[in-house]
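Have a look at these structures, which come just after this line.
Each of the next two complexes has subunit A plus one more chain, namely subunit B in the first and subunit C in the second.
This part shows the complex of A and B:
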């Protein structure tokens, strides 16, 4: 009964309700601008809300978080520039839809699916938090490493066209991610003794450059071409559409919750894995993936919003952040005199239910703000290119600078923009580069942890893998997915199918 | 026209006098050396608003991470010594030189305030086959090269604590598994990826209270009143008295050459801010020892800390360059 009251706190106090609303609204726009990240917004809010009570402060932060994760999809769909790393997969099919004049539909589907994903994440948080966090804790370094390998195999789904070029792009991404002082031993890698390289290359700068600037440069080819007229007759997807994608969205939300709950992996990896999953299980999409498949929007958007609820699971049950934003929220709780940790749920159960309540409210607000204003937004794509291109450049530069307030990040961003332009020109996919950068540290750090733990003995390492059911399952998944992407598999499958037919 | 001109002149005169008389006349930048949500970040974000009040100015805080804090340190060291750029950092820059991580440390800065000091302790996974510090040492001797210790890279708290154990006990044959911070390492500890973690008390206390990990010993000369049941390591081996108390610290710094009156104003503001009851409660709740020292006292603390730690690491063979090369004298010499 008490928990129900705590859950309802946010609904009964207009001031808190308003703060969640304001937060969500701001979050949608912060998330939509590449480079302005939720992490940054929440850390600024810590100082801003310092003198407030803890409830209002948390309400505002949760609103921003929920709205921001969703907002990243806006620019991904409209401009092919993901507003946040977790929206990279959204751009793959969202932008082709906008190019066909279906930006309104794309945003509508994205919004409703984010809402559904968000709810599944919150539901798991509310009902099964201790169970999921126990499961997440069981992940050993070798399991994280296998997970990273699983992620790297997504290169296959992300590279349209040549797989070889995709692998090259992915390897490049991993190398970019390794630049700088290694965080485990502080040894310099690929820095060429330049102080500029010591801090590594900002992943956000790479992302903005590769997607934003290269897009602007590419558009220069068609400056005079008229913009695509957008059909905005139907924004809210029909019940039939939602129903059709419901099974997929439940699956991808599950991926989102689990990946979100794992400390060290977040919505970005979840969304990419969900996209890959959708591609694998969707037998015949209405349109091929990469050309505007609806499933290609459903999967990443349900997953990254489900990851929000997931990220709160280890935070609330163990005081361990599930991602960068929850890490800052733990700091905020601490500053407000609470002791975030495993005892929080026992000492202050009201906080847990209050957060669940805020998340539910933020999810509703997200739906509301997401579905209104679409008309206005789609006008962006209809703007003449002579306005649009400078706008993209401006957004990219502001975004790259804002990450670390550093001009050198702007140079990196511009450099990668030009590089990305040439990559596209020669048919190299950009998705795998970003994938490589995201997974580089996860793979590298955990491989080293795993092998150091086994006293640098590969035999012991595999013994460890087969001794743990979790690792074995992951290893089998890695092998199966790898084999399914090789020509041997296709040939074997063809043979098997043939034989079956003959028998019949 | 005349009136406008007079007005403008008046305004110029006003700002001119203000510049002479009143610091701060614009926003002050506070560069936090570590990422958002970390312990340095939380400490700085909770004390600074109180210091702002005492100072009567605005301090805008910003996280600048990378290269174990060296990027932020070099940024502030390279900015004007006018008191408008503050460095908010932790203890590790004192080891940059000997670890080959950079050419600058806090000797290029004037301390505004050393706010607080943390207490290290050893925690273990609940399933580890030992319950006390002595049992752990016996187990390690009986099973060399099997116990997994968490570490956070050269110069981090775990490396200093293991160096201390090696110096006092003579040899410590364990596997050091590297993590990028004590948070992830303590997560690994609870999941069984490592057996023992030397961590700051504040980071481990909630996990201990919940029974998710077990405490072995507090690395201090006496037990902590936050965890009165956990023995101090000196009870097991009084050789540790030579090196303890030791702990990581948090401080606010300005580049050397900052005008004395500005330093005095900032020091007074942070001293006042650190007296705020809410801040004190927050720090004590996390087991930090409040220091709030500045001026010569802070300088003396810094150089003593550096000498002790640098030579400890040097004797354990963990340094890249000898402290001697940088004129860091052996303690007691």
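This part shows the complex of A and C:
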């Protein structure tokens, strides 16, 4: 009963309701405008909502998250430019549809499917999270440590790019997170005897630099790219269309939730995998994939919105983020004095149910804003980059400054911005850095706890790992990720595939 | 899973993987080597972390930093070797594709912003920044540039100051007095 009341909090307070609405609205546009990403928006927003209460701050951020994941599809369809990484797969069939003059239908289907996917994700979150957190209470420190490593590795390996670069990025993040005085022994780490470094590097400065400034600098290459106009017709899809694709949408939503719930993997990967799945199971699409197949829209869009709910599961129950945005949200909860993890669900169940309520509301707002306001939308998306880029930079600076009122944070932010700019150019993923920074403390604490209980004996440590099925599974998963990237795996796979082809 | 990159390594999308798959971008090798060097340095620094309360064993404060920097060094070395083997992408140049003059200019502008922020205050610094930046990028007339810059600055300032109550350094502008003046005005009008 209490949880129901907490769930309804957001519906009964007009102020919170409005914030979710504003957030979702802003999210749709932030997600849609190429050069603005949800990660960027949420990381800048943390510093601005710093002085607010937890509830309003979370409402706004959830709105932006939900809206942003959906918003990326708009520009993917209209301009063939995914507004967010999670919309890459959407562009493959969305843009051909738009070229055929069916942009309206494409947007309509995308919206409704995102809504369905979003709900499935939230439903799974509401059902699974309490169970997972009960289970998580039995986790040993070593399990947390392994989960953290797994999360960082998963981001590195599944995002496009090489695992080695991903590992570098993750390790760098852990090192950045370790800067300052060690919380257990008060020893200085990586401070170079500078007083400035003793408090550590503000992770908000790192985040805004990596996702805000570096993106803005990169966009400088494309100031002159003009937007293409598309005609938009009827938007609201017919019930028959929705019904026809319902079975597929349930399947791809499931993929979305599962991928989203894996620590470290989010909507972008879920969308690509769902697209792949749709291609395999759709026997006779009306049009081939890549030329405007409706299934090619349904799959990634349900999956990436379902992944939102999924991503909250490890975040709320284990304190391990499901993707880059939830990593930032964990940071936000920390700032507001909450400690995400299994104890949060026990100490503050209201927080959990409040978040679920916000997600539900954001999902409705997304449907509303998705099916309306197309005209306004085309206007805003055409905002020239020559104005947009300086504004993003200004926002980034203000955001970095506002948290601690310190100019040195601004310099950190700029430094990481320039560094992130080069990382992007040379194909190093940025997600693992943020995950590393956020998880550094958790990894460090739990490793030390685990090894101290085993009296600093690695043999005993591994004995403990293999004595528990959970730890064993986690360790095997970590090892598998490594093996899957080595030549041995490629050779084995080639052998297996060859055999299959011969059978056929 | 296939490698999906619908022509967006040109950076038109937020999902930007760097460069062509099987080619080395200009400067990529240098960057990888710099990362290797930095990792080595950090590894040494991590080795120097001393535990004040006991032996530098597996549970000491140096354990995780050491492991992280070691992982950095090994992966950076692997990346360097891999990059070394790739052929250089001859279609790209550092000046055109990696670090064009505009990017350097903007990095300088941002640093200048940081320097001026405290002495000059948020509003004048931001106005200067926006005017210069938009002028450079849009290459439109002064009237348009200044209008757009100041207009968006006012909107941003209102949102920050009123909605988010973020306090930026006021510098030479008597911001607080200004707000108080309007507060008094509205309060006086309401009463």
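Rule of thumb we're sticking to: the second predicted complex is superposed on the first by the 269 of 504 C-alpha atoms of A that agree within 3 Å, B and C clash if a C-alpha of one lies under 4 Å from a C-alpha of the other, contacts with A are read in each partner's own complex, and residues count from 1 in each chain.
Operating definition for what follows: contacts are C-beta pairs under 8 Å (C-beta built on N, C-alpha and C of every residue); 3 or more make two chains touch, one makes a residue touch a chain.
Remember, predicted model here, so these are calculated numbers, not experimental data.
A.B. asks: Decide which partner touches more residues of subunit A, taking subunit B and subunit C as the two options.
C.D. replies: C
A.B. asks: When the two structures are overlaid on chain A, which partner does A:141 contact: first (subunit B), second (subunit C), both, or neither?
C.D. replies: Only subunit B is touched by A:141; subunit C is not.
A.B. asks: In the overlay, answer first, second, both or neither for which of subunit B and subunit C A:343 touches.
C.D. replies: So A:343 only meets subunit B here.
A.B. asks: Touching A:405, do we find subunit B (first), subunit C (second), both, or neither?
C.D. replies: In the superposition, A:405 contacts both subunit B and subunit C.
A.B. asks: Answer with first, second, both or neither: which of subunit B and subunit C does A:464 touch in the superposed model?
C.D. replies: So A:464 meets neither subunit B nor subunit C here.
A.B. asks: Applying the touch criterion given at the start, work out whether A:288 contacts subunit B, subunit C, both or neither, answering first, second, both or neither.
C.D. replies: Neither partner.
A.B. asks: In the overlaid three-chain picture, which partner chain does A:174 touch, first (subunit B) or second (subunit C), both, or neither?
C.D. replies: In the superposition, A:174 touches subunit C alone.
A.B. asks: I'd like to know which partner A:414 touches here: subunit B for first, subunit C for second, both or neither.
C.D. replies: In the superposition, A:414 touches subunit C alone.
A.B. asks: First (subunit B), second (subunit C), both or neither: which does A:448 touch?
C.D. replies: both
A.B. asks: In the overlaid three-chain picture, which partner chain does A:395 touch, first (subunit B) or second (subunit C), both, or neither?
C.D. replies: Only subunit C; A:395 stays clear of subunit B.
A.B. asks: Just to be sure I follow: which residues of subunit A are touched by subunit B in one complex and then by subunit C in the other one?
C.D. replies: 47, 51, 184-186, 405, 448, 452
A.B. asks: Please give the residue numbers of subunit C that touch subunit A in the complex, ascending.
C.D. replies: Spelled out, the residues of subunit C in touch with subunit A are 1-6, 8, 10-19, 25, 27-28, 31-32, 35, 42, 45-46, 49-53, 57-65, 68-69, 71-72, 75-76, 78-79, 82, 97-98, 100, 102-103, 106-107, 110-111, 113-114, 117-118, 122, 126, 129-130, 133-134, 137-138, 148-149, 152-153, 156, 160, 164-168.
A.B. asks: Quick one: which bits of subunit A touch subunit B in the complex? Just the residue numbers, please.
C.D. replies: Per the stated touch rule, the residues are 39, 42-43, 46-47, 50-51, 137-141, 180-181, 183-186, 195, 198-200, 263-264, 314, 318-321, 324, 327-331, 334-335, 337, 339-344, 346, 404-405, 445, 448-449, 452-453, 455.
A.B. asks: For the complex, which residues does subunit A have touching subunit C?
C.D. replies: Residues 34-37, 47-49, 51-52, 72, 80-85, 88-89, 91-92, 160-162, 164-165, 167-168, 170-172, 174-175, 178, 182, 184-190, 192, 213, 215-223, 225, 268, 272-273, 276, 384-387, 389-391, 393-395, 397-398, 401-402, 405, 407, 410-411, 414, 417-418, 421-422, 424-428, 436, 440, 443-444, 447-448, 451-452, 456, 458 of subunit A touch subunit C in their complex.
A.B. asks: Residue numbers of subunit B touching subunit A in their complex, please.
C.D. replies: Within the complex, subunit B contacts subunit A at residues 35-38, 41-42, 45-46, 48-49, 61-68, 70-71, 74, 99, 101, 145, 148, 153-155, 175-180, 183-184, 186-188, 190-194, 205-207, 209-210, 212, 278, 281-282, 285-286.
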